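Shared between the two complexes below is subunit A, which has subunit B as its partner in the first and subunit C in the second.
Entry: the complex of A and B
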């Protein structure tokens, strides 16, 4: 077990290094002198030659790229992503300010999607190739095909403009949460519904289901007690993998509803040319994905004794 | 022909035809008319007019052309690049495969849209806004799925008898790869490409909506919604129609892709 854990962590390290290197490179794609470009963004005017020279030494731009990278990475691993070019505050501080809103939107969407996707998936599998199944398939096809920013605007038009029921945008009480969560859930649960369905169908084709049916158990008991329980491990795993959306969830939904999370921070920072923030967000979203995958992989082995973690 | 394919291809054919025939069926998408601003849909302007008095129907139809051309360009480049990298990686294995596998892992880890937005931002800032920024930024993340799928297929094909047979006769590695391995991988790649076109259209529209994509006055659906959303209370048709076309074209590719996959699974089942 220990060996498996060590091996799996060792596997994640090159990917982490790759993600960090790509995030680092983002700021070195500029043509020309980065020191001059950054100074121009920060001060808003043309910097003098002496200023550029001093800034270059301060920021270490005169050192080789690899040295700069190692320096950046060692800071990044300690949560230090430098100072924002436009706000003058540490990048990490700005990110931490925005994180609660992202988390709130994510966890609500996650809980609602988990419930509905499981429910629809069960219906689909129980009534395979019948009306309920077709309905669920159309539903999930629409979920992946309808742009969330468009759906969001349509919902705003119906519920805010026409019916005056819910606020069109902003952050605050539960009424602000409803439209963004509905919009995001619609696409969030689309593929997951299909996944639940196929997991359940797989479980329903097992021998123990035949046995359960042969015993004369009611279909509902067979599906919920016998098949669903066994299908639950892959379903929970699949859902857990999407926890990486916690950092940057739905950029489009956040932008449409002016939700003050990290997704809209990314877009704002791109427009303000605040590239250290952009860089930090790319890095953090990649790291979160890797860490979530790692944890889910390890938990999977703990939860399911059928999986052998041999060498 | 199954029903999914039929509906999907009908939708796509219609939208593609609209794009191709744009000069015949739609008016000038750039012509402004301040006297006719924000008119709701009527007989003269079936989708209404926008804040500059331009005909929304014309802009949506010409937008079909923009979207299709850009999406096909992006898909073609990513497909060529991804399939080549994936095939080489899977076929030759060893150190090359390890390295490419790592690169694929890195790109899978960073959420696509996050990277697209960051990259477009940097490119726009450095080189000025242009369609090529959008193409480049999407290709950089999009080739990965092609590489992964191709690599998997090639790995499973290279131990098959017909490849071993060619090897025994002494055929060159590249000859086997191009002549025998790649043609056999085409089926799954076509399915992937179809479903992927939907993703690409969605990403192009998303970037357009954020104001980072194809810039006005070129008609593009996402960007039309971006400028229309400020008028959502008074002129919802500015948002409604372009979005409807994004949804329809993405749906078309998803239906066609799923239909093709069903058909292919059924065929391999029959063959067995």
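Entry: the complex of A and C
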């Protein structure tokens, strides 16, 4: 097991380096001279040639790209992504200010979606081609088809404007959380419901299910204890990989409900061409994805006792 | 064992994230003596929905435009109708060396909202802070010299009338030396704005809200009483959500971004709001949306093509996109802008003549770029595309993400784009510089003739001579078809039925100076 963990971590390193290199390159891939871009954004006016040359030397842009990358990476690994060009504050400080709101929205949505998507997926599979299955299919179809921003506005209109039950926007107590979570959950769980259904249907067609039924086990036990358990690996993988939303958030939901999370920060930073913030968010999103992927791999042992790693 | 550990960590992480949950603003300032008199008539809190963060901790351009108007004041203000700079924190001023030095004599007895005195050292501090920290300050100021407690001489980098014009600009607002740490150090870290204006900052949460309280010194100075004790500004970034927040009663009023041009109440929702009983106050501002050409390359380096576009646009049709809530721009700026009436220039609609010009010029296609974030401008661009097709120009319309749009704009890889000139009243001359002065990054059109006239306008202190140059400038822009005016923008405030507000006080300072930005010092919410 330890060897496997060490091997997986070692395998993750090149991917992490790749993610970091892409994040670093964002500034350099943008057309134009990085020194000129930065100076223009910081000063709000067009810099002179002499200013650009001086700035290029000061910032190390005159050094080879690889040297610049190593310097950037060594800082990034220590959590130093530099200073925001538009806010003048350390990037990590800006990100940490927004992180709690993003985490709150994401984990609540994730928990609710996980519970409901699993439940609806099971119902759909258990009652295949019956009313419950049709309902779940229509629900999933709507969830996939309805744009989040439109659903958000409709929910605001119903629950805030007409019924005066919930706030139309903002970040605060539980009441502020309800509409954004419902909006996001609707699309978040739509595909996942379908995924749970198809995984479960596949498991239900296996021989061991036929055996379980032949033994006279109740259908509920067959589905939940035998089929679902065997279908869990792809389901857990699929759910866990949505973790990157923690960093990039649900941009549309955050914008519609004025939710001060990382998704809206990413949009603002892209619009303002605030590259240090964009680089940090892309890098952190990639790192989170890779780390969660690794954890999910290790979780397989918990989910399926038949799986044994390496030793 | 491993399973149990997993559940344990899951429970711990859930507890952590639940702990991240924020709390609603709970700041309740103590009532001021003047405010308590109004307590029976009005609610203690006035809540405004606004589309931009106030950036009270500063940013590239300092704090937001809203607090620049509501927390700070400027040495002078600008009266657009009279084309006159009028006293505000400065009672009078003396211009030397054609504006290279302006000596301001300050009003006495004015206090900052923290009770400290406003004096010449605060002006010197602001000038030095702006020079070090602000792009406009860096380009403008040389130094400031305290002559006595209430007299300060500001030395500018260049001479000209433009220096005085800039003093009414948002960014040139005066702040207390206590706004930075260490106090009074121009190199110090900006903390929070402390000014002489209507309100002081009580609380601020980035991206969420700003809470202000009336500045009793300001209210005493003008002999009026505030009708609320707390002014909460909620940042609601989505335009439709902002309108629904008003309809739901979560906010008492919504207002356009005081800069103009974005984060405004959707114009087509205004008649609907009025029908529902909300009052919408509109103030026309000298901000004109235009078609800007890439006049340095074909086809629009040919003046006939520019004229054709000019003649092809039916401005009355353009304003229908906005449900006629904005005005068609048949002149370069609104009628009250200096020199517009005297110039007598009117932009016409003549598609037949436009067609002839296109045939003569021999071009039949063009690329138009538009910023995806400006959804109204996409509709305008689509109408322009249709109108140009009618006269024989096939326009390839590209709706681009903001970053990509700016990149194309800055590299000059386009033929046409929707842009704006002017701004709120105070920015009239500043935008004249940014849009028409030779060598400016954000220019709309510059030719040898218009560039020279622009230089003269911004140099000339004599009002009559300046007006003469302005008239010549408007005529030159029209003759050269440098830009195509489309419509004049407005600044709006929509209030719910229980809000007491009137148009005069919303757009005038208590001493009668007209403001292009809405002011909330006299607003109250009926109890």
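Structural remarks
The rule is short, and it goes like this: the second predicted complex is superposed on the first by the 260 of 311 C-alpha atoms of A that agree within 3 Å, B and C clash if a C-alpha of one lies under 4 Å from a C-alpha of the other, contacts with A are read in each partner's own complex, and residues count from 1 in each chain.
Everything below uses one rule, namely that a contact is a pair of C-beta atoms (placed from the backbone, for glycine too) under 8 Å apart; a residue touches a chain by one contact, two chains touch by 3 or more.
It should be emphasised that the depicted structure is a prediction, and the values quoted were computed from it without experimental measurement.
When both complexes are superposed on subunit A, subunit B and subunit C end up clashing with one another. In the superposition on chain A, contact of A:101 is made with subunit C only, not with subunit B.
After overlaying the two complexes on the shared chain, residue contacts for A:15 are found with subunit B alone; subunit C is out of touch. When the two complexes are overlaid on their common chain A, residue A:87 makes contact with subunit C while staying clear of subunit B.
In the superposition on chain A, A:257 contacts subunit C only, with no contact to subunit B.
In the superposition on chain A, contact of A:286 is made with subunit B only, not with subunit C. Within the superposed three-chain model, A:164 lies in touch with subunit C and out of touch with subunit B [touch as defined at top].
By the document's definition of touching, both partners, subunit B and subunit C, reach A:273. Using the contact criterion defined above for the overlaid structures, shared-chain residue A:150 touches subunit B, although it does not reach subunit C. Subunit A residues 30-31, 149, 153, 156-157, 161, 255-256, 270-271, 273 lie at the interface with subunit B in one structure and with subunit C in the other. Those residues of subunit A that touch subunit C in the shared complex are 30-32, 40-46, 85-89, 97-101, 103-104, 107, 111, 149, 152-153, 156-157, 160-161, 164, 167-174, 176-177, 255-258, 260, 264, 270-271, 273, 299, 301-302. Touching subunit B in their complex are the following residues of subunit A: 14-15, 18-19, 22, 26-27, 29-31, 141-142, 144-147, 149-150, 153-154, 156-157, 161, 244-245, 248, 251-252, 255-256, 266-267, 270-271, 273, 275, 278-279, 281-282, 285-287, 289-290.
Note for the complex: subunit C touches subunit A at residues 2-3, 6, 14, 17-18, 20-25, 57-61, 135-136, 138-139, 205-209, 234-238, 240-242, 244-245, 247-250, 373, 401-403, 406-407, 411, 441. Residue ranges on subunit B touching subunit A, taken from their complex, read 102-103, 105-106, 108-111, 113-115, 117-123, 125-127, 198, 202, 205-206, 209-212, 222, 225, 229, 232-233, 236, 239-240, 243, 246-247, 250-251, 254-255, 258.
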